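The first chain written gets the first letter, and so on, giving A, B, C and D; residue counts start at 1 in each chain.
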Amino acid sequence: MDAERADTALDRWEQRAELPLFYASLVFLAAYSVRILAHGVDRVWREIALAMMLLMWLVFLTDFVVRLRLSGRRLHRFLRTHWLDALVLLLPLLRPLRLVKLYTTLQRRRDQPVLSLYARVIVYAGLGAVLLGWAGALAVYHTERTAPGATILTFGDAVWWVCETLTTVGYGDVTPVTAWGRIIAVGLMICGLALLGAVTGSFSSWLIQVFTREDERRPPEDRRPPGASS
Amino acid sequence: MDAERADTALDRWEQRAELPLFYASLVFLAAYSVRILAHGVDRVWREIALAMMLLMWLVFLTDFVVRLRLSGRRLHRFLRTHWLDALVLLLPLLRPLRLVKLYTTLQRRRDQPVLSLYARVIVYAGLGAVLLGWAGALAVYHTERTAPGATILTFGDAVWWVCETLTTVGYGDVTPVTAWGRIIAVGLMICGLALLGAVTGSFSSWLIQVFTREDERRPPEDRRPPGASS
Amino acid sequence: MDAERADTALDRWEQRAELPLFYASLVFLAAYSVRILAHGVDRVWREIALAMMLLMWLVFLTDFVVRLRLSGRRLHRFLRTHWLDALVLLLPLLRPLRLVKLYTTLQRRRDQPVLSLYARVIVYAGLGAVLLGWAGALAVYHTERTAPGATILTFGDAVWWVCETLTTVGYGDVTPVTAWGRIIAVGLMICGLALLGAVTGSFSSWLIQVFTREDERRPPEDRRPPGASS
Amino acid sequence: MDAERADTALDRWEQRAELPLFYASLVFLAAYSVRILAHGVDRVWREIALAMMLLMWLVFLTDFVVRLRLSGRRLHRFLRTHWLDALVLLLPLLRPLRLVKLYTTLQRRRDQPVLSLYARVIVYAGLGAVLLGWAGALAVYHTERTAPGATILTFGDAVWWVCETLTTVGYGDVTPVTAWGRIIAVGLMICGLALLGAVTGSFSSWLIQVFTREDERRPPEDRRPPGASS
């Protein structure tokens, strides 16, 4: 733990890069959506979208390398404490997750209270599930749209399929039929399960916390320890 | 925490308004059900139901404004501690949740023991799931009933669909086919997952508590710490 | 808690009644199964089964009343500490749950170690889920067998349906189509969710406990606090 | 607990047998896969695979007996502390689980940090789910492939079915129709639920741990206790 002291140069870089990187991630997400969804329009738009995606990814890579250098650590040790950054580099669609960090940074700079522990886990994991689901819907739509015997025919179907998959409801009215569609589906199920498990687990813990605090707010002569009477 | 001292005026208002507001919420729920389910009968009943809903919502709004004023705080800070009241104002169908608070208040006034922590979470979250499910069944029934190719044809189908959705079983024998039906379904899945996760999580914690207490009830010479022997 | 001292007379009754009541519960379960499954054979067997069920239920009622009297408490207070007994009286199919208590009693009498806390929760909740599922399969099979358009046609189908329902997988290849079948299904889903949630939650806690203990078993110079290195 | 002192002879055996046993388990898994999947090729390969499976199982049995002897305990007490070894003997497909132990042993020998508690539970339970799923896919494929009316026709279908079953999504586009296929499915559902419950539970706990640590890393003048502000 003693190796985790705040490096001043690294901190300054992170503070300055925060907002530009956030806008870059929005551009990346929009470009990816355009590339997949605009299959009916002029081909040039899709090429522009691809170019934007590569450009933004180079921005993310540059940021990662700069931070690795500024930290003065070796890659192996840097990854141990910055696993989220590396994950975001590999799956840039998760980039907007940093939105939450941005909010936390801004609130702290203004000396305002940040969200509670459970609320932050819920927001992080929930936002992660939304972004994962959006990317999954795009990818599955791209794969299944033209497959013979497919049931996922519109992007709306793909979004509906993602929602019933991530919540593990799984009606089966629309399902992927191609091999690649199913591989994406399995990845989505596993990540979705973990993320939504974190969301519901934290919600449950938070609800119990709220009720416990309500108990503590009562005047002492009226208070009983939680669970004393059942 | 020091800002949360009981304001006397606010407390008095809350105690007096408790029962009337509870009856108002029952009227609201009944009016909404009449509005959706009574599509075969005279149109005038549905208009009366709509009028009742608006009236009851005005009652809830008045109560919210009065309490905001009595608290002497600004909206931003008031919302932080009274998030449940604001939620109930937006989704008045959740209003009967206050039934549990009413029970707690009554029990405490009579100096009788209240439910344990986990039991209250289970009752709150479970009742929330029931009300959410009822409202969802009404809304989906209203949307799907006349859609071409729909499988949700009766209100019984809608209730059955809500049950298999909230528990994430999802047989898929009845599913929404319209865009609005699916949007309602997604909202239902997400809220239902969180609420039922809280219910099962609390049930599990409560069961472990019961077993731990059983261990502690044994005579000391016979007692072993939990988990000491496996 | 001070009211819960062991009453000697009650204790003696419970120790003596344990084994006979356990056999009675097995007879009850068998009689119920015979009543539902033996629809092809002579009618007289089903009548005998019904008679056995009533007789066994009277035995359970007698035991409950005797224990209520021996405890010297009023019904209200007795229920608070003996909720499991009352539940078992209403749903006698859950009776074999006492098997675990029997095992605990026997192990303790022989001065042998009992199962750990989580193991007992898993066994209790898991056994409860099995019994609930068995009873649910019988009831749904009875309701659906002769319904028009039914997909649950054999008892094997009913058991398969119960398994996919309790685990919330819900393929939808066999589903109840009658109103009563669906009502039983909803009851099964809710109870099953809670019980299996308790099983998986306890399994998870137990696994973490096992791993924590493994950490503690290491020689001290080699030990690191759990989680210190990620 | 005092009976669990490290036996030197047993320790030495375990250290020496670790790597050979790991390779043996890989051979076993490969042989089982060959036996099931190679139904189109020459019969002799499947006989060789069966022979390899029996041979490897004898290796596992020998290891178990040697360790039982070296421990100097009776079978009953040995099982209590080595339950994982006994389970692995009965279900040799779970053998590669020891891979994690191997990693832990190697890391500790090199004085490098091991994975945190939650990470190890996730890896163990996740790897167990993968192996269980692989074995289940093989077994169900073997059973269903030639059944009339089957929907699981290729090994790819079987793997897809296992994924949607273990995550409890259950679309129902492919389902087992034979009695044996359904029995394997039920076993898979129950074990899968428990293992994936452990994975998502640990992931959730680990995420909360990560966020808590992030709170603690802030400079003290800026730090607020988690949850203080909601």
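Everything that follows uses one rule, which is that contacts are C-beta pairs under 8 Å (C-beta built on N, C-alpha and C of every residue); 3 or more make two chains touch, one makes a residue touch a chain.
Values in this document were obtained by computation on a predicted structure and should not be read as measured data.
Chemist: Quick one: point me to the chain whose Cα centre is farthest from that of chain C.
Modeler: The most distant chain relative to chain C turns out to be A.
Chemist: When chain A touches chain B, do the two copies use mostly the same residue numbers, with over half shared, or different ones?
Modeler: Shared-number fraction below one half, so different.
Chemist: Any idea what the CA-fit rotation angle from chain B to chain D is, to the nearest 5 degrees?
Modeler: So the copies are related by a turn of 180 degrees.
Chemist: Could you compare the number of C-beta pairs in contact for A-C with that for A-D and name the larger?
Modeler: Taking the two pairs in turn, the one with more contacts turns out to be A-D.
Chemist: Nearest whole angstrom, what separates the Cα centre of chain A from the Cα centre of chain C?
Modeler: Chain centroid spacing, chain A to chain C, equals 41 Å.
Chemist: Quick check: how many Å separate the C-alpha centres of chain A and chain D?
Modeler: Computed from C-alpha means, the inter-chain centre distance equals 29 Å.
Chemist: Specify, in ascending order, the residues of chain C that touch 2 or more different other chains.
Modeler: Answer for chain C, listing residues that touch two or more other chains: 168-172, 201, 205, 230.
Chemist: Under the touch definition given earlier, write down the residues of chain A that touch chain B in their complex.
Modeler: On the chain A side, the touching residues are 156, 160, 163-164, 167-173, 196, 199-201, 203-205, 207-208, 211-212, 215, 217-219, 222, 224, 226-230.
Chemist: How about chain A: which of its residues touch chain C in the complex?
Modeler: 80, 168-172, 230
Chemist: Note which residues of chain C are touching chain B in the complex, please.
Modeler: Residues of chain C touching chain B: 4, 6, 108, 113-121, 124-125, 165, 168-172, 175, 179, 182, 185-186, 189-190, 193-194, 197-198, 201-202, 205-206, 209.
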